[in-house]
Amino acid sequence: MHGYAYTVYILLIPFIIFIFLGLFGNRFKPMFSGIVGSAGLLVSFILSLTTAYRYFFASAPGEDGYTAIIAMNAVWLRLTETLHIDMGILLDPISVMMLIVITTVSLMVHIYSIGYMKGERGYERFFSFLSLFTFSMLGLVVAANIFQMYIFWELVGVSSYLLIGFYYQRPSAVAASKKAFIVTRFADLGFLIGILVLSFTTGTFDFQTLTDPAGPAVTHAGGATFLGLSVITWSLILVFMGGAGKSAMFPLHIWLPDAMEGPTPVSALIHAATMVVAGVYLVARMFPVYALAGIPALNVVAYVGGFTSLFAAVIACTQLDIKRVLAYSTMSQIGYMMLALGVARYGGHEGLGFMASMFHLFTHAMFKALLFLCAGAVIHAVHTNYMNEMGGLRKYLPITHITFLVACLTIAGIPTFAGFFSKDEILAAAWHHNKFLFFVEYIVAGLTAFYMFRLYFSIFQGKQAHYHHVPQEAPYVMTIPLMLLALVSVFSGFIPFHSLVTSDGLHLDTRIEWGVAIPSVLIAVAGIGVAAVMYRKESALPERMASTFRHLYTWSYHKFYIDEVYLFITKKVIFRYISTPVAWFDRHVVDGTINGIAWVIVSASQKVKGLQSGQLQQYALVFVSGAVLLILVFICLLY
Amino acid sequence: MHQGIPLHYFLIVSTLMFFIGIFGFLTRRNLITILMSIELILNSVNINFVVFNRYLFPHKLQGHFFSMIVIAIAAAEAAVAIAIIINIYRNFRSIEVGKVDEMKH
Amino acid sequence: MNNLVMFFILSGLILVFSVMTVLTRRILRSAVFLLFVLLATAGLYFMLDYMFLAAVQLTVYAGGIVVLIIFSILLTSHISERAAMAGKWPMIASAFVVLLGAGVTLYTIYSYVFKASAEPAIPSTMKSIGSHLISYGEDGYALPFEVISVLLLAVMIGAIIVAKKEVK
Amino acid sequence: MHFLNLFVVVPALTIVAILFTRDLKGARWASAVGMSIQLVLAGALVFMYLSARNAGVADEMLFTADSTWFPSLNIRYAIGVDGISVAMIALTAVVIFAGVFASWEMEFLSREFFISLILLCSGVFGFFISLDLFTMFLFYELAVIPMYLLIGIWGSGPKEYSAMKLTLMLMGGSALLTVGILGLYFHSAAAGGQHTFHILEIAKTDIPVTAQRFFFPFTFIGFGILGALFPLHTWSPDGHSSAPTAVSMLHAGVLMKLGGYGCFRVAMFLMPEAANEMAWIFIILTTISVVYGAFGAIWQKDLKYINAYSSVSHCGLVLFALLMMNQTAMNGAIIQMISHGLMTALFFALIGMIYSRTHTRIIDQMGGLMKVIPFLSAVYVIAGLASLGLPGLSGFVAEATIFVGAFQHADTFHRVVTIVATTSIVITAVYILRVIGILLLGPIKNEHFEHLGDAHWYERISTIILVLGIAGIGLAPLWLSDMINFSLAPIIGKLSGLVNDVPLVLN
């Protein structure tokens, strides 16, 4: 009927490649696995494009706009009569859009990695994990029920773990991967409990039932309450906790900067474009429930997003590791998306934020992947991560330079670049709902422009740093993905998102609100200007600024000491005051009791053995006492 | 000759003697003194038999004969016990009960 | 009255020497005290008008057993030796048990009403004792008498064998 | 000959065959052949069972047989299987098969070792096929006794202490069990007539509630000790750490499951009213086990201790889910038993293999093993991921089923403890990743480890079969879950009048 059954191959191809490379990859030449991986992904990519074309453009949307299609569904595990985990494929505007995002970025990263990972040990392992990740991420976005999403959510987490820890002999990479997994796992706990609560209240896992405006989730919203909020709202907040963990929202963000220990293509794919937006996607997927049954939860989303975007932007201004700057920038941008979702409501023009969020997700995926890949090319050329050891690379790396500049302009929100359009929609949505958050976002926009151009000027302009050998432009296998992504970054702003991806599937009339857009562009330009003044030429200005705002600078440089707080809680509190005492308690109290019982029995038997001494007189004593006692007893009984 | 003496008086004497004997049996460590304590016990029992015979059943001689038999057995017991004690002394050079513990191990 | 005085003297001797028998640390003295106890007991038998029994007590107990004991003491211990007593706790425990037992028994004796037989007494002369001892009818003790004789024979043989030096 | 008897006869014949061998080589081949046959039989049993069910056979127990062997007390050799026991038998067959290959190099008294090992496993098989409480108990003891010898003779470390402790605690459990079983026996003929030990017959009579209240704790705790019920779990860390590899595998993998199996098949199934009344006490205890075991594992240094505490946590989850007394949670409990059986056996096998190379089990003394023994390390990672509940591996299926089922409980108390129990998934992740991080990743700490050899062929067989089991259940759990569901229906039916949970009707 619908003819989308082939979409299952979009998922299966990466999975098969994962199994194949994981088991037999080391039998072939390294290059082979890269080519196999990329070729497989190319097929997936083409299939995704076809799907998108057929879904959006091959037929005009009906009365209800773009409706969801179940392309495939099979029961995977039957839990109760109503609750069953299915493996299904749900196609609706956002999942189709995500298919495009994931396969595009993943394909670019695959191709790029062929060059970037050349000569690394474990080449085939890298590609098999990349395929695993792609598979899991695709499974996540097409999930037809919330438990399926959780399953792939966990798989995404583990592939991220495996890829961050790719250089497993480097202790920092091992620590970072562990941290990433445990922090997100902790967040997933919230997600899981949220699912449990939700399924208990609504009796279903199915997304279509859950998000149906007339479905049980919405109609039960007025049910039982807990601490003043309805149970549904609580479950949504818990679900958002999962999303916040994956999307590195404050205070669960600490893993993301450390995750930059992974190979750069991984950072581009997982920690910039796809996995970290899973949280946004999750909220978007559940959006009708949030908007119709859990406005307080949506406010939580908005404020967490807004705060994170500001918080991360401030930190990004002071970091020196270029990948970390990009990581904080990612956090900040995801905060934008969360905020946009938070200020959106269901249906019609109220849903502008939803559309804006998805739009920004799309453009951000492209330009942030581009930024990371450029950073990878730079690191590849100069073998350092620190921007104070770089400078003047413009002449050596012309292609990287241009593409990086394009990406920076995009993220700064300069008109005609994609970022401008998507950011403008977000600001407009915020303007209509929450002025306070709107002004926060203005500040963030300025900071974004500032730190991105600080990065740009430090790397490509400024004084010529001393290099051990002359930096060389990356091979074509790496630069072609850069150029392609740059093209997308420039032009994706013209995709008519407002008619494709909306909260209720219907067409939405939007236009650029110049009253919002012009100041934001001016702020961005101002940010760029400040950055240019401070970093274009070598000057003492940055130093002076740092010493003027010394406290802010130090706090920001140390990421507001959040890591230390966590370290304190885990190392000092959990390990020292919970785990060690538990271990001690088990050995000495519980086991001690058991051993104590054994000891009592043994010593009692020693004593009993002592009675059996062979000492006639002792026996006699006992005998006589016994006799006397018996007599006493009889006397007492008789009288 | 026993007129005017209540039965109880004899019984008190024999009881006290009996328990003194038991006390000796329990506390002495020397085999011979233990033996002597046993003689005390037997003696007190004899008194009881005889006294009951005289006071309560004067038409019979059972208590009397019982005492005689007890005396005879006491003599036999003493003879055997002393034979054993002498043998123990030969083997252990001691007649302390605490030291005669070869069978224990 | 005289009887009572005599009884108190005899019983006083018995009790005092009994206590000394079990408490003295010199074994030989202990044997001598035992002898006194046995003699005083014989006195009690006299008072109860059991002449033959008193005589037996004197000859067998005082004369036989005590001498046997003294011989064995001389064989096994040195004259200056002090016999060991039990430790403190066994002493206390024994004393406690013994006192308790004595108390219980005395209490019982006092609270029990003895009933004497009203039948006429039979004389305890040598003649009557002898005829009872060898008669086998009612009130005859021929069988115990024979058993005791056999026992004494067995004990004699046994004591000799036990005390005999081992033939290597 | 009846088909199920083969499960006891084949091990017996294997033992006889080992008696005719002369050395390690003969003994291990004999065991391997015997246990392979056993594995094939188990596979055939699963197949036969499923096809019988598909053919519409609706009896509670299949392949039953019944013969009296002690008439005056009506003790019978009654056998039969339902979906749950079939699953457990399959698990046992897999684990013992892997266990034989894991002890391929057992040089010391090898014949005796293999004989004890197989004796143990025959006890386990007998336990699972029995329907008569007395015979079941007999087989249970048959499984426990060789354990003492296996740890005491072939163990390491303070082996006498551990063996003694383990045996005494399990015997203590047996003592409680005896009371419970006899209590059931003497109440089994309410209306007069002959007393019986047969489970299905007892299930048909109504045991008086007062008697249930008295005997339920005996039975439940008696089996619970074997299932590592807090605070009676302390035999497990000591026992596991001293036991030789294959014994740890069998013990944690299978023997601990006897506890859980007994808890529901005997204690809860036969005394449902008391189970309902007292469940809350044990729910609290098991919740403590779950969280506490996980916390206990975080700070351990010895690999086996870590795994033993993790077993406490996971087995606690089994009992926890059973006590929730609804179909989904109980189904999860059974899957968890199987899943835990497979992965903990895999863990212990790997620990044994790593130990045989590095001669230490202290994690701080090792590091970077991924580079030198990639195969074993990769399998270790898989086992770890299964243990922390990664989707696609068996642990997830079990935990998801348990948590969803437990949370469907109508009572708030049960939902709150479920939330407490779910926190264990985070703690589990912490200790698993800690071990992986220290043990396998990072630079190589000890230069002697540079030249370690990777897995031998027999080690590969041993681990791969377990990994296949884990992944198989993890990827396609539906058949297993449905098989268990069908057999749970009568049990839930007996409990259902009490907890308002309508049994799941299968299409």
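For clarity, chains are labelled A, B, C and D in written order, and residue numbers in each chain start from 1.
We adopt the following convention: a contact is a pair of C-beta atoms (placed from the backbone, for glycine too) under 8 Å apart; a residue touches a chain by one contact, two chains touch by 3 or more.
Quick caveat, the model's predicted, so the values are computed rather than measured.
Where touching is counted per the definition, the chains common to chain B and chain C are A. In this assembly, the C-alpha centroid of chain A lies 103 Å from the C-alpha centroid of chain C. Distance from the chain A centre to the chain B centre is 98 Å, each centre being the mean of its Cα atoms. For the pair chain B and chain D, the distance between C-alpha centroids works out to 69 Å. Computed centre separation for the pair chain A/chain D is 37 angstrom, with centres defined by C-alpha atoms. Among the residues of chain C, those in touch with two or more other chains are 86, 90, 94, 97-98, 101, 105. Multi-chain contact residues, meaning those touching two or more other chains, occur in chain B at positions 22, 26-27, 98. Shared interface positions of chain A, i.e. residues touching 2 or more other chains, are given as 617, 621, 624.
Chain contacts in this assembly follow no simple pattern; the graph is neither a line, a ring, a star nor complete. Contacts from chain A toward chain B in the complex involve residues 613-617, 620-621, 624. Every residue of chain B that touches chain C in the complex is listed here, in rising order: 1-5, 7-13, 15-24, 26-30, 32-33, 35-37, 39-40, 43, 46-47, 50-51, 54-62, 64-65, 67-69, 71-80, 82-87, 89-90, 95-96, 98.
If you check the complex, the residues on chain A that touch chain C are 617-618, 621, 624-625, 627-628, 631-632, 635.
Taken in their complex, chain B has these residues touching chain A: 22, 25-27, 34, 97-98, 101, 103-104. Taken together, the chain A residues at the contact with chain D in this complex read 75-81, 83, 85, 147, 150-152, 154-155, 158, 161, 165, 168-171, 174-175, 178, 181-182, 185-186, 188-189, 192-193, 196-197, 199-200, 574-575, 578-580, 582-583, 586, 590-591, 593-594, 598.
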